[in-house]
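Have a look at the structure that comes next, please.
In this document, chain identifiers A, B, C, D, E and F correspond to the written order of the chains, with residue numbering beginning at 1 in each.
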Amino acid sequence: MVYVTRRSTFSASHRLYNPALSDEQNEVLFDKCANPMGHGHNYILEVTVRGEPQSDTGYVIDLKQLKEIIKREILDKVDHKHFNHDVAFMKDSIPTAENIAKVFWKILEPKITEGKLHSLRLHETENNVVEYRGE
Amino acid sequence: MVYVTRRSTFSASHRLYNPALSDEQNEVLFDKCANPMGHGHNYILEVTVRGEPQSDTGYVIDLKQLKEIIKREILDKVDHKHFNHDVAFMKDSIPTAENIAKVFWKILEPKITEGKLHSLRLHETENNVVEYRGE
Amino acid sequence: MVYVTRRSTFSASHRLYNPALSDEQNEVLFDKCANPMGHGHNYILEVTVRGEPQSDTGYVIDLKQLKEIIKREILDKVDHKHFNHDVAFMKDSIPTAENIAKVFWKILEPKITEGKLHSLRLHETENNVVEYRGE
Amino acid sequence: MVYVTRRSTFSASHRLYNPALSDEQNEVLFDKCANPMGHGHNYILEVTVRGEPQSDTGYVIDLKQLKEIIKREILDKVDHKHFNHDVAFMKDSIPTAENIAKVFWKILEPKITEGKLHSLRLHETENNVVEYRGE
Amino acid sequence: MVYVTRRSTFSASHRLYNPALSDEQNEVLFDKCANPMGHGHNYILEVTVRGEPQSDTGYVIDLKQLKEIIKREILDKVDHKHFNHDVAFMKDSIPTAENIAKVFWKILEPKITEGKLHSLRLHETENNVVEYRGE
Amino acid sequence: MVYVTRRSTFSASHRLYNPALSDEQNEVLFDKCANPMGHGHNYILEVTVRGEPQSDTGYVIDLKQLKEIIKREILDKVDHKHFNHDVAFMKDSIPTAENIAKVFWKILEPKITEGKLHSLRLHETENNVVEYRGE
């Protein structure tokens, strides 16, 4: 079993805001992350796939194909976008890194057919990182 | 003469859009950077001050004070903000990294009184960086 | 289950020295790390907390609160200090990265009440890292 | 149980080519990685050893000794070499990062006698990483 | 005047060998860099262009276009190649980082027509970097 | 003219303290950097040499030799040391990064005989950097 990781980056905006709560409650919960016009990040996404290297290629998964899947399914839909306004699949979630990672998992997991999706790590800043493993 | 650099980070949104041009022209010029709701970055700002180390401290400038100046004059006004909507001093400029660096210079230069401001470097992504030296 | 990591840094000195052994034995065991006046590092501490994102916030743990806990319990006590002389909770341990990580765990584990402490990673240099998971 | 990681770097060339297949099939499978004269990378190798810190040293394993083992068993044989031509222990494998990591494991695992080898991570580029844990 | 930098990466092989000298002299001069089959690096190339931001865009140079120029003129010709065998424009030079930077300058300088090429920085490893400014 | 940079790292302790002043004045000036037992850093030192590449080697300076000079003249004397107590050539200076860089320059400048020493950059933390160019 080998774990193969592909790192990608994208730039996006988000606003942390729970529409079920008042503006005051949102400010208490989310502080400056609740700023109405939003703010943004250079996100780093690490996608890890596990499996046995195939005998003819020595690859768990061809990273050119994994790169293509991540681009088509994720980056093309979130890069240079605003999570709250432009990203259909995030419409029902508060776009915290935790929730973004869980939604990305649902999208990517069925598309990975060589090996199995093992982990998604999403860096929001150089100090804040989340990981989701489908558990 | 010694050059002292303080690195800071902030997260903000921007949209590249020239109001003197049509939407079509903006899309041609700025492509996905013209997305109406904006997108964002983890900016890295490097402020360099030059001068002679002072004999009693060995400092060109006390970095705790430089840190405080950068926080008060810049970070408190741009971190977790949208450059186009929330930042008064950027209201008349297209918020490219080039223009942001030039405006930051105008704000910081008179506030640095130990040594002289030498350079501002602004990293928009890990691949795109601008530098302004007041020339 | 999502794993959330907060990265912090601090600068400290230490000396590797076992008082139960002779100076010669200490030099054999610890080499230049046994230098009597000590030496120092820019440590990087990564604290990982695991849990379910809460439905009202989308957070496993509010990173502003986690940051505050790490600052109050750890950074305020070790930053710009000498582990062997200034840090009460390290008085009985040789301050290797391994031992520092285990002591940090004992301090932080009961303070984390949203989610559970999952892992501490402590980088002593860019080439040397330890991780402790409470096992 | 503590996990201790030592990071090393080396520079090497490789060519991805399966001699059981035609040149055309190799180009389809490996694309520009099949370039006959090869290409190269600054590989980063992270070796993780797990164990209990020893009471007299506070070390799981003396990192000076681990560094020496990695140098003697791995780096001296692959640094500034071409994996396909110069590295005896890779002669029968396509030198993908997956296969390199598995062969490094076979070499290093019996040499680590303080603690146990837990994981090898091999970074081929800043975006492509593999990990092998002996499973 | 603003300085704009675009960072790119490529992976290539090279061998340091002066055909005017004997094999023994080459080994003395270039040591393990003279290994006949070559070795490789993940090179990082930083291209800096200086100029005044244009009033309609706020750009010194559109980084999408700079990226395209670098890709077409440099990366497509050196990425996943061997400098000594596959790169026509390096045929007459020993492919040290110094010489590569100077040849890249000759190629890129006339292609940059918005602003002027100011500096090329080429990182061969994380510890070895060269810069050429056309002087 | 090409600029060649070699990056090195070392770990050391220091205390900022001016013996001509009272303890109270030192605390006001240097705050937590005046802690009596000192604290430490993983310093990064970047040494830049400028010159013309030599026609037989393509090198401005052989980086193996530059590495050896830096090790012998600097690293062997400061790595795993306390600047205030163990480093003879710093005895008369407050060991700020500014002063360390200036003293390193005096030591290294006459030892560099291929090319000329152009710049020393010393990173004290990831946020604080000084540069000295002998001006």
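The criterion applied here is as follows: a residue touches a chain if its C-beta (ideal position, glycine included) is under 8 Å from a C-beta of that chain, and two chains touch if they have at least 3 such contacts.
If you're wondering where the values come from, they're calculated on a predicted model, not measured in any experiment.
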Which neighbours does chain A have in common with chain D?
-> C
Size of the rotation, in steps of 5 degrees, that lays the CA trace of chain C over chain F | 180
Dup interface of A-D (contact pairs over half shared, numbering-based), picked from C-D, C-F or D-E, is C-D
With chain centres defined as C-alpha means, what is the inter-centre distance between chain A and chain B in Å?
-> 28
Provide the C-alpha centroid distance between chain A and chain E, rounded to the nearest whole angstrom.
-> 34
Touching two or more other chains - residue numbers and ranges from chain E | 126
How is the touch graph of the chains shaped: line, ring, star, complete or other?
-> other
Interchain pairs in contact, sorted by label | A-B, A-C, A-D, B-E, B-F, C-D, C-F, D-E, E-F
If you look only at chain F, which of its residues touch chain C in the complex?
-> 9, 11-14, 32-33, 35, 37-42, 79-82, 84-86, 125-126
So, in the complex, the side of chain C touching chain D is made of residues 16, 18, 20-21, 29-31, 93-99, 101-102, 126-133, 135
Using the touch definition up top, name the residues of chain B that touch chain F in the complex.
-> 1-8, 53, 56-60, 62-64
